[in-house]
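To start, I am sharing the structure in question, which I have written as structure tokens.
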Amino acid sequence: MIKAGIVGFRGYSGAELIQILERHGAATVYLMEHRADAGDRPTPRGAGGPARIPATAEAAGAAGLDVVFLATPPEVSMELAPGFLEAGAKVIDLSGAFRLRTVDNYTRWYKEPHTQPELLASAVYGLPELNRAPIAGAKLISNPGCYPTAASLAIAPLVEAGVVDRGAGIVCDAKSGVSGAGRKPSLKTSFCEVTENFSAYSILEHRHVAEVLLNTGITEPEFSFSAQLIPVHRGILETIYFRAAGVPSAAALVELYEKRYAGEPFVRIYDAGKSPDLLSVARTNFCDIGVTLHAATGRAVVVAAIDNLGKGAAGQAVQNMNLAFGLPETQGLL
Amino acid sequence: MIKAGIVGFRGYSGAELIQILERHGAATVYLMEHRADAGDRPTPRGAGGPARIPATAEAAGAAGLDVVFLATPPEVSMELAPGFLEAGAKVIDLSGAFRLRTVDNYTRWYKEPHTQPELLASAVYGLPELNRAPIAGAKLISNPGCYPTAASLAIAPLVEAGVVDRGAGIVCDAKSGVSGAGRKPSLKTSFCEVTENFSAYSILEHRHVAEVLLNTGITEPEFSFSAQLIPVHRGILETIYFRAAGVPSAAALVELYEKRYAGEPFVRIYDAGKSPDLLSVARTNFCDIGVTLHAATGRAVVVAAIDNLGKGAAGQAVQNMNLAFGLPETQGLL
Amino acid sequence: MIKAGIVGFRGYSGAELIQILERHGAATVYLMEHRADAGDRPTPRGAGGPARIPATAEAAGAAGLDVVFLATPPEVSMELAPGFLEAGAKVIDLSGAFRLRTVDNYTRWYKEPHTQPELLASAVYGLPELNRAPIAGAKLISNPGCYPTAASLAIAPLVEAGVVDRGAGIVCDAKSGVSGAGRKPSLKTSFCEVTENFSAYSILEHRHVAEVLLNTGITEPEFSFSAQLIPVHRGILETIYFRAAGVPSAAALVELYEKRYAGEPFVRIYDAGKSPDLLSVARTNFCDIGVTLHAATGRAVVVAAIDNLGKGAAGQAVQNMNLAFGLPETQGLL
Amino acid sequence: MIKAGIVGFRGYSGAELIQILERHGAATVYLMEHRADAGDRPTPRGAGGPARIPATAEAAGAAGLDVVFLATPPEVSMELAPGFLEAGAKVIDLSGAFRLRTVDNYTRWYKEPHTQPELLASAVYGLPELNRAPIAGAKLISNPGCYPTAASLAIAPLVEAGVVDRGAGIVCDAKSGVSGAGRKPSLKTSFCEVTENFSAYSILEHRHVAEVLLNTGITEPEFSFSAQLIPVHRGILETIYFRAAGVPSAAALVELYEKRYAGEPFVRIYDAGKSPDLLSVARTNFCDIGVTLHAATGRAVVVAAIDNLGKGAAGQAVQNMNLAFGLPETQGLL
């Protein structure tokens, strides 16, 4: 059994990790208390639940943890990761702390200094479908952002295959459920501000853009990205627009995706003209992709959907754990 | 007092018309029974409500109706409009029956024949901010579609001013609340299919595209449009992407919009980088517009929001009624 | 024109007051800044809006305010009311500070001392349908709580008429939309905690019970009350159970209510066996009441619905203002 | 492996059955096509899914089905059950067709004749916590209604223990998510009629009352039940009011429940004064129970929560299958 600690287990990604790992079959969960956020939900009597230990390197060492999941803000992840690594655990970080490869890139997009430049350089980016090989040997795995997971899986095959008219640019209109903003109360995520509403934010300046650029090879001037808040708990749907070059039909685009993701257990492609919705992927680790093409003019739309707490966070983190520990990649995730 | 009949008063646009007209001050409402759809909501005892008459030309003539609002499907509007016009009433049609100017254009987008080609040719398109003058003298006013109202008000000023890099195309990613699909029960609009969901539909082939092309002068190959369903009752938000040409700053775009819509009571512009959400316009006749520009690369995003039942349907229909009868344009709408 | 100040105008009741008063016709609104809660929503350019002045007695005096609405917590209302009264304004308080008549009663239910016992003794309880006469001459009007408004209007006529089997008790199962909890962010009112959820709170110990007892004459041992949170923005529905004594039919109960509320503009009764829902009263000042009776056994259910921001807060506050200033009681409210 | 057929697999209970059984480990699923309801959701390419066979006795026999789940309306269940039984399969019926023991009782509450009186007499009521023994040998298991499951589990122990003041009656105020109404489109379950709404229905006359009476031994004159629609997909919360007799404290009530349900894997009790909400039981087979008591007056409130698609339908059906086939009762359900 893999001994797996979770810091930030009261948050939405943390709670999802607990749920997945408790059914995983090869993991024992340790809840690591970092700050008393007083946000426990009501529980029945006698509900035992996983062991609770402090979120410290000492406790991780004493418990013999094999892996620690950090479902924490970037600054907390930077603070805690070194200790857990020294204590002999692998670290899978769900924050943005270790995703952007260089201090310069991090500072530009996160507007704050990076306190662990060496760890940043050594971190392995955990998007298996685009970067599987190095995950097996990684000590520090940086779990991708939710928006970039869907956008990169949708866009990378197009760019690789050279079927995008780069001059016309790529538009990614991204929408997310509210759990993507975390569990800390704020006016923006208050029920009465969100229900019966829909709003755009971080237009053209979301820090997740940096990951998409790294993952796909497109450049910032080519890429327009807006984020929007859907009044739902969970789920991401991204509508991606581009001008196709040298593509005879929608079926050819479908084929392109199917070849690229042949054998991938967590990417599913739809028939031309069909597309997934949030319910297609809710509570799963799938990324679903649908394609529409107006062949005469080349206008193309790709709809990509994930569960932001699944493939966009906790599900993908467990997929990375499976790879890092030599388990079947899908264990606990189907 | 203007005697105003409403056909389709049990639908969402019809109900909104009742609500606006009952507070309007210069209108008396007649509910015109066309089909028993058995969808009345529970009502308290003694609730009088407006007079009810049949949806026939005879009844309209007998009641001396000055105007009839058709909140009906296109085929019903085509069937009913001639009789009401002959009975001496103006007709304000909220369907798509009379929006596309020519039979060919209608047949192409609506996939069915047009039974009233002469009326189609004579209808006046009722988007006051782009076509105010002829509305005053019109007998048959074709109220714009909900999506095209927001898209056209956002895009037309950009095209007029020549600030769009036409070669890169314009993307309109449109989202609507569920009332836009009408009140007739269907699986697609059932609560359990919509709540906690978000889905795209009519990707690259929505018939509302035709109106946007007519209103803005852009061509179909330049325009990519997808519609999406938000799990809310009402409201439309459109995120519009284009490459700006010759625009030095976001402030310049704001100024462009302000000049174009100076004096318009129902178009409101936001500071650069700010944008409206659905709550900004809920239960109003406003179209709110916000602009973001990345000046160095020209990437630009315009967010336009309306209430699909307000400026997107009933509100705009009353605005047209006000213009057609020489009343203050804002009467009953502020 | 009545000069009307609003303290707490960024909250949901405060915002509702602004909306009602701006269409009222006989009131000029002053927004009174009390604390910077940083919660303004995005606004379009050039949105003028009402004058803003500090929430001080001096400012109220300088502006010549005729009335100040306090949409504030009880402790703020106790702090501010004396100054505004001395400055010559009437005060309509929407908090619980002045509802319970005596210091002892207040302390018991609100678990904190009352700092203005004299004002408490002189306050007039503003539930017009049960206590209309003294409102006209009142200087300090205590606006009823949302739950007690519906419960009292539903129960008082039954108790007055002696048709309740008191020994069997009365049950009030009350449900409210989330805006009843105010606009201050909290975990309990965060979107992801509320959506797809439904929860009970303050079971058998809600402080609003105290008001219902005062308004109806029933005693605490006779009354069981639970509050519950509906995942909607606004609206209250209360399902009230009792054993009817000496009532031959449901129609007789309907008649009882109709006689009691004959001529009341804001109470509406439904046919026997029918009942209102939240949409029946949304954005109105109505209290709608429906009755079901199983005549053979006497089991009876009354469903009462209000908008918690309308008749449950801002609407009723304006109704009280109308009465206090000799205006038509329904002005601005229909 | 148990070969398990599902009729009505496109409905919400049917879909839940598929999901549970596919992870169950000892069951192979067969989807049985009964009527083309054209309600399939979009699916990715290559999604294999379970085998599909006709919903006929012949097909059941040919496939060698061990059990057939009927997630169908009562009239369809009465039509299909005999054939499947003759074909040698056990039948677990999720409709109300076989719950009420006698034709008279069925006819009274369902207002239609019963076409299978012999089967009705032989059916075993599948609420394991109250009726476990006969389920093991049953051929036809009648799965309980959703409301009665929660109500009976909450009320039966109180009546058994004699702690209810029967003269004062028991009130059950029940609330359900919309999936309880099935997947067939109707105006009542349309998104725009449900969102931001909350409504009562079947006040004092819901046919589920009959089951609660049978399960608990209370009589109709003692029991007041109303159903209400929560704007959520799934979940039932019932608030039950009674006058406690001879109970010294809330803790004593907690103890009473704990003793009654000692060893039960799917009933969970909360500390006195605490109560579950819908999220406590979402997507589980648990029934959670919380108790509040005002000891001085005996007023008591029990909150019981289940997932209407879990313990209220598909989960409980699989629990019954486990019992009927000698499997561990919790298999596939934790």
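In order of appearance the chains are A, B, C and D, and numbering begins at 1 in each one.
The rule is short, and it goes like this: a residue touches a chain if its C-beta (ideal position, glycine included) is under 8 Å from a C-beta of that chain, and two chains touch if they have at least 3 such contacts.
Predicted, not measured: the structure shown is a model, and the values here were computed from it.
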Taking each chain's C-alpha mean as its centre, the one farthest from subunit A: C
Copies subunit B and subunit C touch via same or different residues, half shared test: same
Separation of subunit B from subunit C, taking each centre as the mean of its C-alpha atoms, in whole Å: 37
Centroid spacing, where centroids are CA-atom means, of subunit A and subunit B in whole angstrom: 38
For subunit A paired with subunit C, centre-to-centre distance based on mean C-alpha positions, whole Å: 46
Multi-partner residues of subunit D (at least 2 other chains): 193, 195-196, 231-233, 275, 277, 279
Subunit C residues touching subunit D - in the complex, by the definition given at the top: 167-169, 171, 173, 175, 193, 195-200, 203-204, 220-221, 224, 226, 228, 230-235, 237, 239, 241, 243, 273, 275, 277-279, 282, 292, 294, 296-297, 299, 301, 303
Subunit A-facing residues of subunit C, complex: 12, 38-39, 178-179, 183, 185-187, 189-196, 231-233
Complex contacts: residues of subunit B adjacent to subunit C: 41-47, 195-196, 254, 258, 268-271, 274-277, 279-280, 288, 290
